[in-house]
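Next up: some structures, all given as structure tokens.
Each of the next two complexes has chain A plus one more chain, namely chain B in the first and chain C in the second.
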Partner chain A sequence: MIILGISLLRLGDLVLQRPLIEGLRKKHPQCEIHMLINKQFTHVEFLFEGLVDHFIYFDRESLQKSCGEREYNILWGYHQLKVLVEELNHIPYEAVYNFTHTRLTAHLMGLIKARHRIGIYSYEGRFYGLNNPWIQFFNNYFGRPEAAGFHYTELLARALAIPLQQKFLKGNRTVAQQTVLIQGLTSDSKKNWELSKFQSLVRSLEKETLFEVKVLGAPFERELLNKVFADKNLLICDFKEAAIALQNCALLITGDTSIKHLGALYDVPILELALGSSQPLQVGAYSNNSIILQSRVTCGPCGHSQKCSQPIHRCGETLSVAAVYEAARIQLNLKRMDWENFSNEHSELNTLRTQIHGVMGWSVQCLSLTEKYKFDEVIQKKTMVVEELNRQATISKGESYERRIGKLSVNGAEAP
Partner chain B sequence: MSIISFSENAEGYLIPFEDKKALCDFSNPQEEAERWVASQNMTISNEIVLLGLGAGFHLRALKEARSYLKIHVIECRDQLLPIYKKQIQSQVENYSCFHSLEALLDSEVFETTLIKSLPVYFLRSSWGAQDDLFYSFWNNLTGRSVYAIAKHFASLGIEIDEGTLVSLKQSERPLTIKDATEIIIKSESSAAKESRGYFETLRELLR
Partner chain C sequence: MSDELENYLSTALKRLEKAYKEVLKTQGYNEQSEKLKILTELVKEQGHHENSSSATR
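Take a look at the complex of A and B:
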């Protein structure tokens, strides 16, 4: 039996989907798993060793160019896509899973022959596969306040009926964990904390602790990082090298990045600075004991694709170097102060901790007593929604996945 | 067709002019040609169309940088090939000269370009005073005209319905994949229904 998974969003989404692929492997131990991924992400295949048997590439960049650039024939993309689909249709797939739930993957999934289609797909302009209440919930609410408290990975697992078990990658810990890693840049400037603030943080950590501090960056970020950090503080590397560095670090300080999700896979202690459009209540680290500092500003979290609406980057300004430094010291067990006291001292921030319970699944706990009730409400609401959706799922059992028709939003259910 | 004149530059090359417009950089045509080649995305196909011979420095630079390419050169001015042969390269393969769009549309090179969906490249200065004619060549060779897309679709067994054709002809802008998708959606033919998912997938890449 051969199963195909389609995952055509961003790097972070692919990393977040690893536990799902692991669940799929567990559900079908004897089957062959193929994954259709964006061509530019071949460098993350190492994360799926032993889980995925074969990768197939979607050349999104070229296809996208062919739709807009002047030298391309208007039907060049059509011919390329046809070749890809024909290759896929030569493989007798038992099932195909849509891991990304966008219109793009829904249309693509409609072209692929398989006995079962799990997730949304289109046929003659109509969307099918929406009869599972969890898929409906994911499709309608993910990325919106209604889905607060539901982690992307967890929700997708329920939507696709894949068993999810928290199991961290072991990695190769070769040295004592004496390094603090900082991921200074994110893919969205709104989510960035000022590099000068990171610079002050690095100086404080180097001066006041025995930890070595390294700022992670991709090769294309070197020039920008070099303006602020000395070469000795930089760790310019690819994704696989970053994974190795993470396995041996004592703490990762990061914004909302794919490196955060990579760190979570290895159960690295994480201090997340949730700024701009970061949605820590839906795409925080899928791990235990990740601490999230979120500025309490009326404009945040802002919209995913919008520009910052404020004259100054308020959420970034509100988050002080002193607060991040103190939180890092607590995470590194260098300070005895507990999180409750920290939260009370820094009332300008939401101080949150991620947890994964056997029954409840993933949750975010507020560590400040004064704000705790708000987050308890999120957990209560989640419990009620879980009960209701499970009840609906029991009722609708037996209906074909492929019979229900529905609407799919323009962006589908993307991770914010 | 306007008159082509030639003027010698400091390096001794004869540079063609059309209505006082030089068909390449007068003082350093080779550097301009190399810069142009470096800026082109040549990963699309090993067979391409070069629209506009002009002074030909860009064709030579392209052949030197990408010797594996099969290049179809399309021109509309007869006077340019002899000077190219004399001062740059005596042998020219796959060269065609069309004085009108109709002549291009009747040609074998047009058929080949459409069937193989060949990419079309050009150095804008080589078009000289023939911007409109070359633009219409580009529009058709890349499948962006109503005529070309209808021909494309006919080869796939898809007919464009009359109403759609009329509304498309009213607009003079080059067609996009969005227009192609709309044609497919409106078409009643079974071939269009089979192709619909492909076009809808591509359309999503534009969002």
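Take a look at the complex of A and C:
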């Protein structure tokens, strides 16, 4: 029996989906699992060793170029798709899972011949597969305040009926953890904290602690990072090398990035700076005891694909170097201050901590007493929604929901 | 996103949507129409998420 999984979102989403692929492997131990992923993400295949038997590539970049650049004939893209679909239909798939949940993949799912389709797919101009309350909830609310408290990984697992168990990857710790890693850049300038602030943070950590500080960057980011950081502080590497570095670090300080999710897979202590459109209540680190600092600004979190609406980057400005430095010291056990005191001293921030409980699943706890009630409400609401959706799933077994297919949002329900 | 690219994507989108409608009119829903829809969605995604094609972190 062969199963195909389709995952065509961004790098962070693919990393977040690893526990689902692990669940799928556990659910079907004898199956061969194939994954269709974006071609530019071949470098993350190492994360799926022992889980995925075969990768197939979707050449998103070339296809997009074929539609968007004058030099290409638009029919070239059409032909490439035809070849891909033929290749996929050459394999006798028992089931195909849509991990992506976008219109694009729904149409692709519609073209793949398989006995079972799990997740959305299109057929004769309509979308199907929204056949249980969980996938409907995911479709309608993910990325919106209604789904606050539901982690992307958990919600997608429920939507696709894949068992999920929190299990961290065993890293190869080769050296004492004396390094603090910083991922300074994200894929969206709104989510970036100023590099000059990171520079001050690096200086403080080097001056005041015994930790070595390294700033992670992809090769194409070298030039930008070199303008601010000394060579000795830079760790320019590919994703796999970053994974090795993470396994040996004492703390990762990062924005909302795929490196954060990679760190969470290895259970690395994380300090997240949640700025711009970062949605820590839905895509925070899927791990225990990750600390999130979120500026309390009226404009945030802002929309995923919108430009910053403010004349200055308010959320970034509100987050001070002193606060991040102090939080890092607490995370590194260098300071005996507790988080409650920290939160009270920094009332301009929400200080949050991620937790994974057996029954509740993933949750975010607010460490500031004055704001705690707001976040407790999120947890209470989540509990009620979980009960209600489970009740509906038991009653209907999905049948009535197929008839009430909700509209797919324009961008699908991809992770913000 | 540059204005030039945005204009070009907008034109590509119109062409794809026109082709999709033509296929629907002449052949109904079939594999061709689905493939055109996939290309249409790719262009839309490029418009919404400029970074989705990049291996940024």
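Keep this in mind: the second predicted complex is superposed on the first by the 407 of 416 C-alpha atoms of A that agree within 3 Å, B and C clash if a C-alpha of one lies under 4 Å from a C-alpha of the other, contacts with A are read in each partner's own complex, and residues count from 1 in each chain.
One rule holds for everything that comes next: contacts are C-beta pairs under 8 Å (C-beta built on N, C-alpha and C of every residue); 3 or more make two chains touch, one makes a residue touch a chain.
Model, not experiment: these values are computed from the prediction.
Colleague: Once the two structures are overlaid on chain A, check if chain B and chain C clash or fit side by side.
Modeller: Result for chain B and chain C: clash.
Colleague: Once the shared chain is lined up, is A:Glu71 touching chain B (first), chain C (second), both, or neither of them?
Modeller: After superposition on chain A, A:Glu71 lies in contact with chain B alone.
Colleague: Touch check for A:Ser305: first (chain B), second (chain C), both, or neither?
Modeller: second
Colleague: Once the structures are superposed on A, label A:Leu108 by its partner contacts, choosing first (chain B), second (chain C), both or neither.
Modeller: Both: A:Leu108 reaches chain B and chain C.
Colleague: In the superposed arrangement, which partner chain does A:Ser295 touch: chain B (first), chain C (second), both, or neither?
Modeller: Neither: A:Ser295 stays clear of chain B and chain C.
Colleague: Tell me which partner touches more residues of chain A in the superposed arrangement, chain B or chain C.
Modeller: C
Colleague: Quick one: is A:Asn350 in contact with chain B, with chain C, with both, or with neither? Answer first, second, both or neither.
Modeller: neither
Colleague: Does the superposition put A:Thr186 against chain B (first), chain C (second), both, or neither?
Modeller: A:Thr186 contacts chain C only, not chain B.
Colleague: By the touch definition at the top of the document, which applies to A:Phe41: first (chain B), second (chain C), both, or neither?
Modeller: second
Colleague: For A:Ala218, select first, second, both or neither according to whether it touches chain B, chain C, the two together, or no partner.
Modeller: Touch status of A:Ala218: second partner only.
Colleague: So, A:Ser7: does it touch chain B (first), chain C (second), both, or neither?
Modeller: A:Ser7 sits against neither chain B nor chain C.
Colleague: Pick out the shared contact residues on chain A: the ones touching chain B in one complex and chain C in the other.
Modeller: 60, 63-64, 67-70, 74, 77-78, 81-82, 85, 102-104, 107-108, 110-111, 122, 124-125, 410-411
Colleague: Which positions of chain C touch chain A when the two form their complex?
Modeller: Per the stated touch rule, the residues are 5, 8-9, 12, 15-16, 24, 29, 31, 34-39, 41-46, 48-49, 51-57.
Colleague: Inside the complex, what are the residues of chain A that reach chain C?
Modeller: Touching chain C from chain A are residues 9-12, 40-41, 43, 60-61, 63-64, 67-70, 74, 77-78, 81-82, 85, 102-104, 107-108, 110-111, 122, 124-125, 183, 185-188, 216, 218, 239, 257-259, 304-305, 410-411.
Colleague: Which residues of chain A touch chain B in the complex?
Modeller: These residues of chain A touch chain B: 60, 62-79, 81-82, 85, 102-104, 107-108, 110-111, 122-125, 410-411.
Colleague: Where on chain B is chain A touching in the complex?
Modeller: Those in contact with chain A are residues 40-41, 43-44, 113-114, 117-121, 138, 141-144, 148-149, 152, 175-177, 180, 185, 193, 195-207.
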